[in-house]
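The same chain A turns up in both complexes below, where it pairs with chain B and then with chain C.
Take a look at the complex of A and B:
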């Protein structure tokens, strides 16, 4: 019996030194962690610097090559970046770009929203209800496989040559990728979650509210992001193939009149627009459905 | 909680979409045209097949700017169309009241029995020029060489023949390479083709940008009988809006007289620069070219010999399955009325 008592007393007497040891160990661990964090930060800084340098270098190489090729080409075929920037400035100051951009963005916004909402609703229904999938699935997938550009001339004959046709066309470009992404997403919601919902005897309303809608959110986000790129394509096709208008008009006019510098300037605006719209969507997605990555 | 958060956002989105739908519907109701009258002015939609327009299409813009349409109590809305086929289809569908497009579109529509007729010509001659790549100064040098074309239809072949035949070269002696019109310049720059046909405005730009490129032929000289462009209307529209059609043509004839008057050169070129987006020199060149060729008619502009010749070529190259008659393609009665009203002043 003395052993354990002795041991106990020993351990009791050793307590202060143990706590000192633990504190030292804790300090050491903290030191190590700080060193690791500092090292990681240093590495991250280095990485950021390296990637930034690579980006700047690649940009300089691309712009340099552009300038060189433009300087050694005839104007109607290709223009140097300096001429393109100057053409962009001309488009801005002459008041041509503003109204065109405004028109395109307005048309895009209406068409995109219409296509997105319709795509999400139909996609959810197709994904959840087999009966809906059986009724409309065939037409949906057949139309999805059809190049929308082929429909543009027909749409303008049926609906006229105004802004409505353009919005419908943009909407169609957005609708199908959204629909397919959402229906696929709903169908692939974790079966365990559905099992749990069933075992909890959830009502249909609660099932939609707690399982289906949150589960489909990442796919809605994916469809919406894909829809931006597709919608921009649709916007240009609509603005060139129905009635010339907006940025499509600017681009076509520049190309048809051999003002290649202006055509390239419009293309830069379009690229910028794509990047901004995508970033905006990511921002909205982070606020609306932060769990959707 | 995710779902509540999501539903709250969805509610917000629903409101946004409702506003969007309302705006969309308001946009639907804004179209005009069809001869409807507003404040004593008839609303009409005019479709122009080439967008942006070339100088040959300036007539309706002149009529608008100079107030000829307003004088005839017409409120004209322009629709920039992507091509002639869409213009004819839009006219047939009733979205366009007056469709300005190539004569070939009118002839093809007539051959298919479409209920439309060409009622006037905005361009009675070819406004095209054949351009030789650097090193080619005569069409005879094109024998065995690649030549750019937009296809094997009657119009494309006619444009090439108009270039080659004055030099005694037959189409079979060159290598015809089909491509889009936009590819002509890069292909010529890269040496892939040695000649191609351009509108006069574009021909000016090419010969001034591509060193050594030369005009080989002004095509209205070698194909003077080719009917270039027509204005089509839906038969039912013309019958129910006879006065509108005649007033429209009166304004157009006034515009042509104005354009053919050299005293208006500066104003015409200013307008051309604004409407075509082309450089001033190119517009000036095309204005003088079109005036020299007599392409802007002083009157009806629907010469039966030209109409029948052009239809015959399309039939020969199997663009159309049957040869429509002059009266199937053209209805000059409205233009006759307008010309009589306008008189020789």
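Take a look at the complex of A and C:
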């Protein structure tokens, strides 16, 4: 959806073209217009440059401070950025990071997808059908208010200490925010649109197709984005609390053995993971629901 | 002219409301409404807020049921939303996820009309409201006036016998409203559908209507039913310059005041 944005920017920068008049006046006007556009472009470019400079400066200061503090503190407590980067390199080359990342991502993907799909379906039903809402709403909201970490030990008792428990836990972390976002979204579909649907005598099927599903799409996308953050939290809790594995294992082991540089390296990997996944989802969101701002 | 042909084929028929009553938990909203609308007539309903004019429109649209009384179009009772009726909504009622084209095509698509027919009708309706060239845009890219043009196009694309309009121009600015009024006058001349137009603006009612029904509040009822003396076709400026304009305006104003002070 770059269309509207482009339209808007051209309409604000271009003055209405010269009306019929003396050719010289037209030419003069065009000249002024070009000058204005050039000036605005110049200003925009300067702004971009300023903000980019600030960004880079901030990054340099933070990294510099990190390096300085790391150099002047005891190794166990903190490590300079150079040590962290070399620890990261060590984790990669020694073949520790690859399998751990693979395991974590795969567990996360399964748990996340399961939680998302279930959350969207249940959320839709809770939002649309009052019967479903009154039947299960109470439990849903009670569980939503419960910190999911508290469920981890119980899940281990019920499902064992394997990967299944981890997937279910991640799923639960994703499930509730999705459910709440989607049911809220469906319930907040413009009532006038529902009137339109009624006046057009839409069948149940058409109502879902033309109104409810597209109306909920932006909320599904929002739930999915929030689910990524929650799911990553769930992933770490699962990997540390149920059975040490994946990135959680890497982090926990590094910390237990006072390899602070490695622990920080894992942390950077996780940060990177979160940022990339969120960016990916924002991209999908724009594709799926381009009308939602 | 597919649209015109489609409309005259199922030549509308008179709309009759007899002894309509509607209660809401707060009290009575409509009391003993008896009005009829001739086929092809443009009737404006004016009244203060809370006089039940929107409720009356919802009853006519089949979106709500009267607690007592009967509404019939061409002798056939209205029991629910009806293919003979199209509604133009106050806040446009456009689906933000559908382009202009898809919004207008929706009623035809729901009827499972064939593709070519849909395309021809939609094209004609969009051209009729002056939006040709904007088919691929989304509602968010349109101004308020343009949005309501889409709402109007969707209503007429379905070729209904009756157009119900609920304060359709209340949400746009004053200048745009006048342009829309003029365009609606011209469009109504061409289509000759029965149009029931709800407004709280006396000027708008005089400009557009062949007849004006004045409603009063608490309980909602018909206060008077006045013919508009200006002949059609006409434009806003012709109406405003007409010698009978000021007098009619005062008359309606007095009635509205009298009705709400009771």
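Convention: the second predicted complex is superposed on the first by the 255 of 293 C-alpha atoms of A that agree within 3 Å, B and C clash if a C-alpha of one lies under 4 Å from a C-alpha of the other, contacts with A are read in each partner's own complex, and residues count from 1 in each chain.
Just so it is clear, a residue touches a chain if its C-beta (ideal position, glycine included) is under 8 Å from a C-beta of that chain, and two chains touch if they have at least 3 such contacts.
Worth saying up front: this structure is predicted, and the values here are computed from it rather than measured.
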{"item": "Touching partner for A:217 - first (chain B), second (chain C), both, neither", "value": "both"}
{"item": "Which superposed partner A:281 touches (first chain B, second chain C, both, neither)", "value": "neither"}
{"item": "Touched partner set for A:163, first chain B, second chain C, both or neither", "value": "first"}
{"item": "Contacts of A:195 with chain B and chain C, given as first, second, both or neither", "value": "second"}
{"item": "Chain C versus chain B, contacts on chain A by residue", "value": "B"}
{"item": "First, second, both or neither for A:105, with chain B first and chain C second", "value": "neither"}
{"item": "Contact residues of chain A, present in both the chain B and the chain C interface", "value": "210, 214, 217, 289, 291"}
{"item": "Chain A to chain C touching residues, read off their complex", "value": "3-4, 7, 190, 192-193, 195-196, 198-202, 206, 210-211, 214-215, 217, 289-293"}
{"item": "List of chain B residues in touch with chain A within their complex", "value": "2-3, 5-7, 9-10, 13, 16-17, 20-21, 23-24, 27-28, 30-31, 47, 51-52, 79-82, 85-86, 89-90, 93, 95-96, 182, 185-186, 189, 202, 205-206, 209-211, 276-279"}
{"item": "Residues of chain C defined as touching chain A within the complex", "value": "61-63, 80-81, 83, 85-87, 89-91, 93, 95-98, 106-107, 110, 138-141"}
{"item": "Residues of chain A touching chain B in the complex", "value": "74-77, 109-110, 113-114, 117, 153, 156-158, 160-164, 167, 209-210, 213-214, 217, 240-245, 249, 252-259, 287-289, 291"}
